[in-house]
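Order of writing sets the labels: A, B and C. Residues in every chain begin at 1.
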Amino acid sequence: MFTPSFIIDTITVLGTAAFALSAVLAAHEKHGDIFTILVLGTITAVGGGTIRDTLLDVPVFWAQELSYVYIACFSAAVGFFFYPLLNAKWINKIYLYIDAFAIAMFSIQGTEKAFSLGFGLPVGPIILGVITAVGGGIIRDVLLQRPSLLLTKELYAIPVALGCTVHALTLTYAPSFSEVSAILASCLVIYLRHLSIQSNLMVPNWAILKSN
Amino acid sequence: MFTPSFIIDTITVLGTAAFALSAVLAAHEKHGDIFTILVLGTITAVGGGTIRDTLLDVPVFWAQELSYVYIACFSAAVGFFFYPLLNAKWINKIYLYIDAFAIAMFSIQGTEKAFSLGFGLPVGPIILGVITAVGGGIIRDVLLQRPSLLLTKELYAIPVALGCTVHALTLTYAPSFSEVSAILASCLVIYLRHLSIQSNLMVPNWAILKSN
Amino acid sequence: MFTPSFIIDTITVLGTAAFALSAVLAAHEKHGDIFTILVLGTITAVGGGTIRDTLLDVPVFWAQELSYVYIACFSAAVGFFFYPLLNAKWINKIYLYIDAFAIAMFSIQGTEKAFSLGFGLPVGPIILGVITAVGGGIIRDVLLQRPSLLLTKELYAIPVALGCTVHALTLTYAPSFSEVSAILASCLVIYLRHLSIQSNLMVPNWAILKSN
């Protein structure tokens, strides 16, 4: 039962749902209506991959496989009607971990897709991996007029970038280890997110541009 | 004289003009200059269709047919120089109705273009129809740092989505009625916008995500 | 040594660096971290050309020639670590002039690329030239929640548009003078920027939409 493809499918479904839920949480303070929340949920879930596919000049993935859209809409609708649950502390924590698994997997997938198409080697796949994982969230923040996730001091985009870099390096220099590296790079992303969620690990102070 | 193609051309011209004028109205509070207003007017008028064509991977429509750009620029310029008129109540109401006709027609056109290219059937055409009609306005709002039209409580995107859904359903299940459906779906969009403009009909309260 | 291609390469490198530095300056007030600044620097430097290439439906230029990305990252990193220098008045002035050279050259390049592909003649090349030069800066401003450069009263986008127009007109009506025109149009952009930087020349008052 727990074949790799089953696990990947499960993470994809849960991850897409988690991305859509992040839009519900974010739209909450702006009093979005149900339609807006479906739209924002879907954009958040598929936005990063859409930018990636546009840059790669391949057909957008969700038009080939609409389940991404259905999952995002369904999940956003559930989030809308059961909003108070989403705010319960333990559910919120589960949500954060699902999101961590999701960005881990989407960044690896993005890196691999770009690599297999030979896009801008060697660093193109890293860039597209990051875009796949965080692009949707950035569009969500722009549409909701929130400070972009790029500007948070939480560790979010940096773990993604590290994971993509590890995986892209392996694909380039040790392609026979690509499966191991996909798992290890995902674990790296998840572990760093875990540190950020659990121990409030933040971007170190020296790495922040300060006024003088 | 009132052939279907004449009517469609007329609505296209007036609709493109209305979209560009919406940018003049929106840019007003930010004291945009004439060049900015031409740019924003054009982006608002052709932005939605541009995203649609990028996702469909077909040449952008305004590069094939520059009149859209000319109409948008001309209309934005007129709006700039005769701004006080735009604010006159009865002109503003005419403007709102032209805009209603425009979003009705553009959403049907977007739905049809995506359907004829077999993009992400069955829901892909609905999504692209909505993007065609409201995409330009969303970019306008983002560039002007205004709350996105997605977040208004006015009925704007929802009528569009309903119209696109009706038309996409007909195209799929009763293609021989596609012309009737194009007209009926447009009327639905216009009627709902009319209710919103005239009777201040809004998104019902249960459909809005509330803080608790 | 000072062959045309050497000069063009030099301006390209310095211009890409200047665009990336503009992101450091802009991100400063938001306390971005080093990773955010690398990302924003790169987006600012290559964003305009990326939109252009997407609209032209050609492979994105930086995936073909990654030095743009490397230069942008390197320059953003230097800007991060030597930030106080960037604020020194004379360095800031040098930066403004390099930026002026950069937008001049990128707008001419964008116009030429669109023209050579026959995109939306005759005004398509002007539009893409402007997008190439200011698109990255606009994305930067949106991501940082700053008022878009489109809304500044400084002369920035207007010189670019004039330069692109001059060059596109020459390409269309007097193609044998295209090299002369590339230089003259660049000089026009730089001269107008110079007036804006040195003499605080602004958009004239009649050209600004006022409340009444």
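Simple rule for what comes next: a contact is a pair of C-beta atoms (placed from the backbone, for glycine too) under 8 Å apart; a residue touches a chain by one contact, two chains touch by 3 or more.
This structure is a prediction, so every number in the text was calculated from the model and none was measured.
Asker: Report, in degrees rounded to the nearest 5, the angle of the rotation taking subunit B onto subunit C when the C-alpha atoms are fitted.
Answerer: In short, 120 degrees.
Asker: Specify, for the interface formed by the sequence copies subunit A and subunit B, whether it is same or different in terms of residue numbers shared by both sides, with half as the dividing line.
Answerer: different
Asker: Express in whole angstrom the distance between the two chain centres, defined as the mean CA positions of subunit A and subunit B.
Answerer: About 31 Å separates the centre of subunit A from that of subunit B.
Asker: What are the residues of subunit A that contact at least two other chains?
Answerer: 54, 57, 142, 145
Asker: Which positions of subunit A touch subunit B when the two form their complex?
Answerer: 24, 27-37, 39-40, 42, 50, 54, 57, 59-60, 62-64, 66, 69, 80, 83-84, 87, 142-145
Asker: Mind listing the subunit B positions that touch subunit A in their complex?
Answerer: Against subunit A, subunit B makes touches at 54-55, 57, 119-120, 123-124, 127, 130, 138, 142, 145, 147-148, 150-151, 153, 157-158, 161, 203, 207-212.
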